[in-house]
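My questions all concern the structure below.
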């Protein structure tokens, strides 16, 4: 079932290549929508009563002596991210119908391959399948940036590729070390994530710390955490709209998902020990990203930096290691995907019309583009974390988690190494988010109506389809589902929260128990030394 | 001290009051209060997005209908709830781990009062605006936002837990943002909107942290659970943890942000950039009182800390006098009333702080009427005189035909604001001031005196406006919205029926609303209402029943009447009979007046001390941190291979043999390494 | 055991000798190189011979090895391409001789036919085709790139270091291998599938009657089952002793039974190479619509290339 | 078939193979004539071929020879293509100097 899910985009990609260019967009849209429909079937097949377990599994032998298996499966968190990917890709594709005018077929090919790779990451139960898919996302993204990006695309694509690739090589080292440790212990190779997780979790704290460091190298770059975030603004700025959408919505989640799926369960004791450090990085990232956001003149870069700030919250929630924090973090992954993805779409629609990203050249679009304005303001508010919209629930829970982490609630201890101060300082990010996003909205949407000097736009006209000033039905069809979803998740977050409760509480228990054990061992050692 | 006084006070939490007022089963669909305006907001929103749709002109009616329905429901609920309380879950919202925050309503008499104020004033303002906003391009949009505001505000008021309250809290902030920035082509409006939202957010941060801390301490965010535990804590007599004592201070921060108290008041005067009905509804009558409501609602928590309520009282008191001084030096009528709002909100906090929650709520109630009337009157002036608001350019409007109703309602409202005897403001203000003298607390007596002084200042600046604008010789200049050509004489157009009716209703309210609270303490209708809510407390017995001079509740009426009349008198002399004297006086204290006119330069100070440094840090982070240091380090990392590359570049000359040579060398090296290692 | 020190010394001496031999303008030191190189080669081969011959190595090996190495050295040191090609033919011939020594007769002849016969002749053609025509003043003039070697020192040092390393490793590594690899297969095992060959041999030796065919061959027992054409009358026949599987037989069987697909692929590669060569070497068509102005002169084609360089 | 090769004899052949390979390699590096460079690659092929055959003899099977057939195929194909390329290049610019044809460098 999951294999079919992976195959749908790949087969569609072939279909796109084989058919004439003018059909490419349609085929890609249909194909990715089919993938989404299929993911709905997976959702139906999933038993949420046991959502922490890997379900809808499938497994085929791949390379027997190495214990490599093509095994797929999802727990509810992975399933949610699968749904996010499958839902956003058709929208991103639909949003690029008129934006892409050259090398059309290749564009949709890469988009679909990218979708397959991202889905592969989330459905992998085998380490190497995961890693291959994880790395494979780089290739389509590289081409999307390098071929369809704007002026500085060459540098952006290379920086993007090298940055993330360097990080993930170290991740591979860490993962292979775990696989080797398993071999060392049991005398056979396996890359089954569950088996390796068990092995890794039983390693000594020092070993775990090294593995954690290696894993974090890759995942932190991908997230991106401060201070390895500088590739993101560049990549976002230069990428085409659809690329930015996917990048923000899903690719960044690969990092947080990696932390959730590998770093936390594999090195629980080390993660618990170093969580404050990670949290500090997150908080610095939240505030730093927000302040930097505020001085941007380029709207895509602004949103990119806002991602840095937002993802800081997301990882902070993980580092809180309590149910609220981790659950909020998962919620945040989904929400950030929806609202930031949508914001990039909105910005892309403006870019498509006026061919500029500069906030200096645009202003007061509300006057001529009321529908667009309504959507943009809506998503800005969602991104700011306005209660009642989706952004709030995740943001509140993460910072709530960080705040309550490690604090007894009515005498009942909750796990986690953080404390109120982490939450309190991180919460200033909420103010800063309001500052920079309203700065963005104030410049772009409100204020006096002005457009860039159109004297140089003449040569663009023949290359671009004429678009109405305000959004056309297709663009509304792209944004409306996202807006509905944002609203619905804001009002009914239980739809997600109740479904992730089991895996979240499982991992929180796992990490905290391991940390307790490790502390106990240290204490025993010390007493023996004495 | 409060702790000492607290021992005398009997806190009646909602659950305690359950003994004499059992939980009420509501037979009214309470969710209509939220959903009817929501429906209106959606309809108006759709109309707003359809440019050129002629049906947009119905949006005013839709909005009035939506809010009106909410008002009717509120009335029914107020009747149904009575002195009891009710609880109603609409749907489950956030439920995770042990955190429970449902979309659920908690109704007690305090809620009823707030609901009536919000939906009642809301309906009136909507009616008013359906005339006032006619012809505006954003007609439908305006009503969409107003309806949305009512949704958020009623949610805030109805919330049964802190997180849902936070939803409403942020929601009203959003609507305020959208409505202040309603004329989004005016840079000042956009800036003011942004400022309002951000300053509010600073307060909200406190609120949010307060929620977290509350959860940590009480394991829940639901009022019922919290208050039960507070009660248990108080009766157990155990020492109260510092963390619990911190909660009221955090919540207070949120309240100060929303209700424009020192030091977060700066956004409210700027918020006058919004359409005047909005100023009346949101920035005078309802939203800004949310902070007062928050503290009133969570009063049991505030009673746990020795310092919380005195802080509230002092902040309120200082804000009241501070804003009054600024208000005295302004020329823009709307701004004067904005500062007046800040000042009056200060009174309300003062009231809460000195344990006169009845007084505070009562003042909130009466203030809603007379301040709405004042703003709507201003709006009528603005509407008629093409946006003119400068009191130096308007005079004697009372004698212009068609403006009598406006003048009349303004007079009534001004009297109420000035605390003229037997008007609504008179009763509510007295209740607060008197309580300051009754309650024992740090410096409460001083607060009382300052409050009294402020009452005088208030009377002065209020009637400064009234005498300048509505009395005296008739002369006026059109505002900047007047686009008539040269030589074209300006004719103000008098307000129509909708505006006049609303002004009459509000004017009546400004006079008679006060009677709801007559009887003092808990004896009047109002007092009993508050007495049966979470904001209830019992004043120490005896103090209220002494002789005339030993009972502040009695001599305060006289004192404040005298002070108020004094203020009116000074204003009459300076601004009606001898306007030249006012100018002379102003010149003699010019620096002070200019400084006050510049709002004591608080905005500039914030800009210099907060905004600029932050933005500077942002620039430094971006240009130094990101582009220089981090990218520099990355580039350095990249430079190492590049240096090596430069060193070996001669080998990479594109000649095949060069590569071959490298291959041989490499192969040999590998072999030798293996050899050595084996 | 082979004296490694001698081998290394021979490497050093050979390297120095080769350095002197490599083409250079006015190279007067080549005799030194020849002596050094020849000495090094001789010393190396001697060390080999002393270190233990036998096991299928006889004098022919040393002769052919000397010939092959000498010719190879001469090939890379000769400044004229034609001679280099001819020396390469000598290397091929010597190699073919060594193949015969190794009982790979088929490959020996294939090498001579394919390499010496076909490939090298092609080379010679191309060399002659591509040689700059000697003008009248300097009939013997060498082009600059033929007359001088580039970076001889670096290349030689690298090459001989590699050689020394390889040899050192080789002698260490093969020491651990068995003196004789165990033959896992019966001698003449291919007879089992070469029924036609067996039948012909039996028939020639009159061991089977006309009308009888071989059904099955047991290579191990050296017997064959013959049957009447009608299908009955099975009988077992012993194979004649002189019936052996030749090298060609073995290679053929192996090729067709074990690597048929590879063989096909090799065929395809050859054909593609042929097509590619034709396409590449085809004369550029002039006067195409794309570039109709360029004439058929070398000058113009030159300018075309300059243009292409500019693009690069 | 004759007796399989001994390890000592195998070493002899391998040594010869290594020497030929290195000579070919040095030639490839030092000579600048494209055709001679190709000849040198052929020489390296020869070296490989000797090693193949010798190993085949050592193991007493014919697979070394079979591999050689494929090597020969590739060599022939390579020679054909290389020479075609040389011809094409020479037609563009009448020189065989490898250093003159270095436009492809980065």
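When the chains are written out, they are named A, B, C and D in that same order, and each has its own residue count from 1.
The rule is short, and it goes like this: a contact is a pair of C-beta atoms (placed from the backbone, for glycine too) under 8 Å apart; a residue touches a chain by one contact, two chains touch by 3 or more.
Not measured: the values here are computed from a predicted model.
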{"item": "By mean Cα position, the chain sitting nearest the middle", "value": "A"}
{"item": "Pair joined by the larger number of C-beta contacts - B-D, A-B", "value": "A-B"}
{"item": "Between chain B and chain D, centroid-to-centroid distance (C-alpha), Å", "value": "88"}
{"item": "Whole-Å gap separating chain A and chain B, where each centre is the average of the chain's CA atoms", "value": "37"}
{"item": "Between chain D and chain A, distance of the C-alpha-averaged centres to the nearest whole Å", "value": "53"}
{"item": "Separation of chain B from chain C, taking each centre as the mean of its C-alpha atoms, in whole Å", "value": "94"}
{"item": "Residues of chain B touching at least two other chains", "value": "657, 661, 664"}
{"item": "Residues within chain A bordering two or more other chains", "value": "none"}
{"item": "Set of chain C residues in contact with two or more other chains", "value": "150-151, 154-155, 158-159, 162, 166"}
{"item": "Full enumeration of touching chain pairs", "value": "A-B, B-C, B-D, C-D"}
{"item": "In the complex with chain B, residue positions of chain D that touch it", "value": "25, 28-30, 37, 98-99, 102-106"}
{"item": "Complex contacts: residues of chain B adjacent to chain A", "value": "45, 48-49, 51, 91-99, 103, 163, 166-167, 169-171, 174, 177-178, 181, 184-185, 187, 190-191, 193-194, 197-198, 201-202, 204-205, 208-209, 211-213, 215-219, 614-615, 617-619, 621-622, 625-626, 630-631, 634, 638"}
{"item": "Interface residues, chain C side, partner chain B - complex", "value": "150-151, 154-155, 158-159, 161-162, 165-166, 168-169, 172"}
{"item": "Chain C residues within the chain D interface of the complex", "value": "2, 7, 18, 22-23, 44, 48, 51-57, 61, 65, 68-69, 72-73, 75-76, 81, 84-85, 88, 91-92, 95, 98-99, 102-104, 106-107, 110-111, 114-115, 118-119, 122-123, 126-127, 129-130, 132, 143-146, 148-152, 154-156, 158-160, 162-163, 166-167, 170-171, 174, 177-181, 183, 185, 187-188, 244-245, 247, 250-251, 254-255, 258-259, 262, 266, 269-270, 272-274, 276-281, 283-284, 298, 301-302, 305, 309, 312"}
{"item": "Chain B - residues contacting chain D, complex", "value": "652-657, 660-661, 664"}
